[in-house]
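Please go over the structures that come below.
In what comes next, subunit A is part of two complexes: it sits with subunit B in the first one and with subunit C in the second one.
Now for the complex of A and B:
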C-alpha cells in the first residue's frame, strides 16, 4: 500500500510543478536525501563489521608473531586439524550447543505453556521470577555460579547435608562436571528470556483451536505437539538461531566460571581465539583462521535450521 | 486427575521460580555477611553490610569503574539511538530498490560473530592510536565506537517506523520543515516508547559488555564494572562479602530499569520479531 502511495506522489509532483527548475532540484534532492539518513550507519557498519571480516579472512592466510605477519597459504588451515586445543574447543562448544540449546528451548516452551493457562494463579509472580536471571550481567552471574559450585560452595553443602553425595564434589576440577556447570549456568540465565518470546506468541494463538482439539479428544500432550509447536514454529526458529549464534560465541561464562579448565575441558572457540591473540604469544593470523571456523559454523547451522523449519518466513 | 495436574503445574513452576531467584537471594544476603559466614553457607541476613561496603569502596577501585561504565553506556546508548533511528527512518520512509538491497546486506552483519572481528578491530584501533588519540587502544572511545551502530537496532527502528503515520511527515513538509526538521520535531517525539525500549536494551548491553572492553582496555584505571568483577572473582583469597557487594552494585541499575520499565523492557526484547 505504502509503495503505491509513494509511486503516485512521484508521478504527481513533477506534473504539478513542471515549470520551475527549483522544484525539480527539490524533488531530486528529496530522492537523494533518504541516503543521508542511512549513510552514517552504512559507513560505520562497513568499517566496524564488514571490513574487519575481510581483514580476518586475509589474516587467516598469514602467520607470525605480533605485527610481523607473512602469507603462509593454507598452513593455518592445515594446522587446525592437528591442533589438540582447537579440537578440544570445537568439541566443547559443540557439546554446549547440542545439549544446552535444545534443553533450554524445551524447558522454555514447557514453562510458557504452563504459564499460558488463563486460570493459573500467581502468574505474574512466576513470570517475573523466571525472567529475573536476564537482568544479571554475564560476568556477574558467572562469578556467582563459580562460588555456588565451588568445593565448599552452597551446592556441595546442600548435597552433603541432605545425603545426595557422601562427600563434596569438586565440580570445577572435573572435566565432566565442569561442562555440566557451564550448561546449567547458561540455561539458568537464558530460559526465562526465551520463555517470554513463547509466551507472547502463545497469546496470539486463537484459543478456539484448543477448544476444538479438546472436543475432538486431544489430550494435553497431543495439543502441545500438534497445535502449540506448529503454531510457534517461526518463533522457535528465531530463538534457536539466536541461541545457537550466542552459544557458538560463548566466552564470558567459560572464562569466569572455569577459565577453560580443568585442562582445556571447557575451553570454547571464542576463548581460544582470545588466548591465541592476547594471552599466549600473539598469533593474529592463526587466531583469525580459528575465528573463521565460527563464521562457517554460524552460516551452516543457520541454513540447516531454516531448512528444518521448512519455508522461510 | 485435574487437581493432580494442577498440583504438578504449581510444583514445577515453584521449583523453576525458586531456582531462578535463589542466586539473587544468596547474593543479597551475602552482602550483609562476613566472608567466613558466606563460605559456611549462612543464608540469613547478617550485620556486616556497612563493613562490606566500606571495605569495597576503600580497597577496590569501584568508583572509577562505575564512572567508566556509565560514560561508555550513556554515550553508546545516545549514539546507537541517534544513528539507528535515523537509518531505520531513512530505510522505511525513503524506500527505494537500492536502499532495500543495502538494508539486506546490513542485516547480514548480525550474523558476524564478534570473536571473528575482534582481532582486526584491535589492530585497526592500534593503527590509529597515534593519529586519533581519543580512539586508540586503551581508550573509552575505542570501546564505544564499534558498538555504536548495530544492524539489529536499525532493523528495530525500521519495524517500528512501519506503524508511524506518514501523514504527519507530509504535514510537516507542508509546514515548511526540512527533512531533518520533520525527523527531529515530529518523528522523535511521536516515537518515544520505541526510543525507550531501544535505550533500555542498548544500555544493558553496553553496561554488561565484557569481551571487547577486555580486549581493548589495558590500564586498571580504565576498567569497566564487568572487568572489575571478573578480576575480583578470579582472586585467590576472595572476600566474598565484598565481591557480592560489587556484584549487587553492578546489577542494581539493570534490575531497577527492569522493575520500573517492564513494559518497555519486554517491548525492546521483542522488537526484533514483530511484524
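Now for the complex of A and C:
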C-alpha cells in the first residue's frame, strides 16, 4: 500500500511542476464561476430571508401602535409570560402537537405498511384515496369540516340517528370537542402526505431482510418493530420534524373551523400573531416577539427529535 | 480567495444598503406629498359588492362637482383592506394606497391613532352637524373630523309576528321593552311554539355590545383607551342578561354567520336583534313575507338606558397621499352633501346613511310589503337619532376577545365580579 502511495505521489510531483500559470488561473477562475452561480441565490436569500429575520428580531424589542414603534428592551418578553392569551395559545398549540403528530405518524406508518403488502388488491386506488386529502385547499377542507361537525351537521345526524348520542353535540362550542375536531381535521389532511414518504422508503427496504427474518421465525409484529421501524428511522425523523413545524404554525384550520373559540380554547400561536397585527390595534413589535417564540420552539424541538431519533453524528 | 470574500461581502453590503435606502426614499416621498400634486385618477377601496361598492358606484353617477378626475373603485374583503392598510402605512410607503378607504367604526380610532399623519382631515370639508351625532365621536380624533360618516348600524329587533301571536303577544307588547321583559316573552314563545327566541354566538359578543350601548357605555372609558370592565355596572348587567338568556334556554347556539342567517331564514327563531343591514338577509326568505315586524331594540333595565343601539357601520376616510384634494372633493359632492344620492341608496341598495338632511325624502317613507307595510326606513332613521354616542376607542376587538373568554367562565359558574376584574387586569396588562 505505502509503496503504491509513494509511487503515486512521485508521479504527482512532476505534474504539479508542469502546471503552468495559465492553468492555475484557469482553476481559480473555475472556482470563481461556481461562486457566481450560487451568488444569485445567496443574495436573494439574504435579502428576502435573513434581512427580514434580523429586522423581525429587532422589531421584537419594540412596541407601540402601528407605525409609532419605539424600543422597549425586554418588556415584550416580560409581557409574554404574563399574557393569558399567549399562554392559552401556547398550551393549545402544544396539545395539538403532542396528540396530533404522534397520532398521525403512527397512523401513516401503519397505513403505509398495509399498503405495501404485495398481495393487496386495488393498491393504487387506496393509495390515491388516502393521499387525496393533501391536494385539497386548506380553507376549503376546513369549511367542510366545520359544516360536518356543526350542530345540524352530518356527524351529529349520524350520531343521533344511530343512537350514539341522545341529542346533537355542539362540537364547535365545546372547549374539549372543538380541540378534537381540529385534531381530527389536521390528521385527515396530512396523514396521506406522510404516508407517501413511508411508502417510498419502504420500497427501498431490501426484501431479503424480511425473508431472513421470516426464516428465523419472526412474526409480523416483530418484523414491523425490529425491521420496518429501524429502517424507516431517518424518514420518521424527517416527517416528525416537518409535522412539528407545520403544527406549530397551524393557522388556516383553526381560523376557519372554530376561529379560536369557544373562548380561547383553540386559538393557536399563529392566529394570535395575526390577531395582534391585524385584528386588534396593531402592535407589530409584540407580534414579532410572539413569532420568535415559534422559532425558538422549532429549534428546541428539532434538536430534541434529532437527539432522540437521529444518528449521533 | 480572501479577495473574493471581500468582494462578496462588499456586494452584500451594497445590496443591503440599497434595500435600506430605498425605504428611506419612499418615506421621503411621503413627506413631499404634503404639498400634494393634482392627479387625474383617484382610487377607492371598500368591501361588499352588494352594499358599499354599489353605494360607491351610485355616488360616482351622482357626482355633481366640477372636478375632472376618474374614480376607480376596487373591491377588497374587509380583512384584506385592514391588512393592506396596516402593512402599507406602517412601512411608510404610500405606493399602492388608495385615496378613499372605508373603515369600520369599531376600528377607526385605532387607525387614526396608530398612523397619525396618514389620514387627511375633512374638518373644513364637511359639516359634522349634518350627520348623526353618534357617528361623529368615532370618526373624529383630537378635534379633527377625519371620517365622512356613511352607513348607519342602527339596530332593531326583528320579530316574527306569527310566533308572537301564537304565544299571545302583539307587536306592541315587544315595542320599547327591556331585555328582562324580552326574556319573559321568549319563555312564553318557546312554550307555545317550541321555537327559540334568538340566536347567540358564544364567540361574538355583539349582543352584549348592543346592550351596553343602550345605556351609553362601552368597553373603554371616554378617553377611548382605558379599559372599563371591572365595576362597569352596565357591562355587568349585559353579562347577566346574556347568561339569563342561556339559562332560560331561549337561545339557539350558532357558531358562524351562515348558521345565524340560516336560523331565521328557516324559521327557527322568533326574533333577530341586530343591525339594520340584516334586512336584505331577512327578506331572502320570501315565503315569510308579512310575518315580520321591526321594533326598537330592547334596553337594559337601568336608569338612562334608551331603546336605540348600534351594531357595525362604517365611514369613508381620505388618505394623506397625492390626490387627497380630489378625494375630499368627490366625497363632499356625493356622500357629504347630496340628499338625492341617499334616496337612491335606500331605494336600490337598502343602505341607510347617517346624513340627517336625507331622512325627509320619499324613499325613506316607503312602506315595505315584507314587513306588512311598515315604514321601516323611517323608523330606523328615527332610532338613529336616539343612539347614545359612545367613543368606541381603540380596543374593541382586543377587549372583546378577552371578554369572550370571561363570558365562558361566567357561563360555567364563575363569579361575575371576579370575571370582570380578571378581564380588567388582563386588558390593562395587554393594552398600552
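As a working rule, the second predicted complex is superposed on the first by the 276 of 313 C-alpha atoms of A that agree within 3 Å, B and C clash if a C-alpha of one lies under 4 Å from a C-alpha of the other, contacts with A are read in each partner's own complex, and residues count from 1 in each chain.
We take it that a residue touches a chain if its C-beta (ideal position, glycine included) is under 8 Å from a C-beta of that chain, and two chains touch if they have at least 3 such contacts.
Remember, it's a predicted structure, so these values are computed and weren't measured experimentally.
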item: Subunit C versus subunit B on the shared subunit A, clash or fit after superposition; value: clash
item: Contacts of A:82 with subunit B and subunit C, given as first, second, both or neither; value: second
item: Which of subunit B and subunit C A:278 touches, first, second, both or neither; value: both
item: Which of subunit B and subunit C A:164 touches, first, second, both or neither; value: neither
item: First (subunit B), second (subunit C), both or neither touched by A:38; value: first
item: First (subunit B), second (subunit C), both or neither touched by A:146; value: both
item: Touched partner set for A:173, first subunit B, second subunit C, both or neither; value: second
item: First, second, both or neither for A:261, with subunit B first and subunit C second; value: second
item: Partner chain(s) touched by A:68 [first = subunit B, second = subunit C, both, neither]; value: second
item: When both partners are placed on the shared chain, which of subunit B and subunit C touches more of subunit A; value: B
item: Subunit B versus subunit C as contact partner of A:225, first or second or both or neither; value: neither
item: Clash-bearing segment of subunit C relative to subunit B, given 2-10, 56-64, 74-82 or 200-208; value: 74-82
item: Overlap of subunit C and subunit B interfaces on subunit A (superposed complexes); value: 31, 35, 51, 146, 259, 277-278, 284
item: Subunit B-facing residues of subunit A, complex; value: 2-3, 5-6, 30-31, 33-38, 40-42, 44-45, 48-53, 55-56, 59, 111, 114-115, 117, 120, 125-126, 128-148, 152, 154, 157-158, 188, 192-193, 196-197, 200, 220, 235, 238, 245, 248-249, 251-252, 255-256, 259, 269-270, 273-274, 277-278, 284, 287-288, 291-292, 294-295, 298-299, 302
item: Residue ranges of subunit C touching subunit A (in the complex, touch as defined); value: 1, 4, 8, 11-12, 15-16, 19, 79, 82-83, 86, 89-90, 92, 110-111, 113-116, 118, 202-203, 253-256, 259, 394-395, 397-398, 401-402, 404-405, 407-409, 426, 429-432
item: Residue ranges of subunit B touching subunit A (in the complex, touch as defined); value: 5, 9, 12-13, 16-17, 19-21, 23-24, 26-27, 39, 41, 83-84, 86-87, 89-91, 93-96, 99, 102, 106, 109, 111-124, 145-146, 148-151, 154, 166, 179, 183, 204, 207-208, 210-211, 214-215, 225-226, 229-230, 232-234, 240, 243, 247, 250-251, 254-255, 257-258, 262, 266, 269-270, 272-273
item: Residue ranges of subunit A in contact with subunit C within the complex; value: 31-32, 35, 39, 43, 46-47, 51, 63, 65-68, 79, 82-85, 88, 146, 150-151, 170, 172-173, 175, 258-265, 275, 277-282, 284
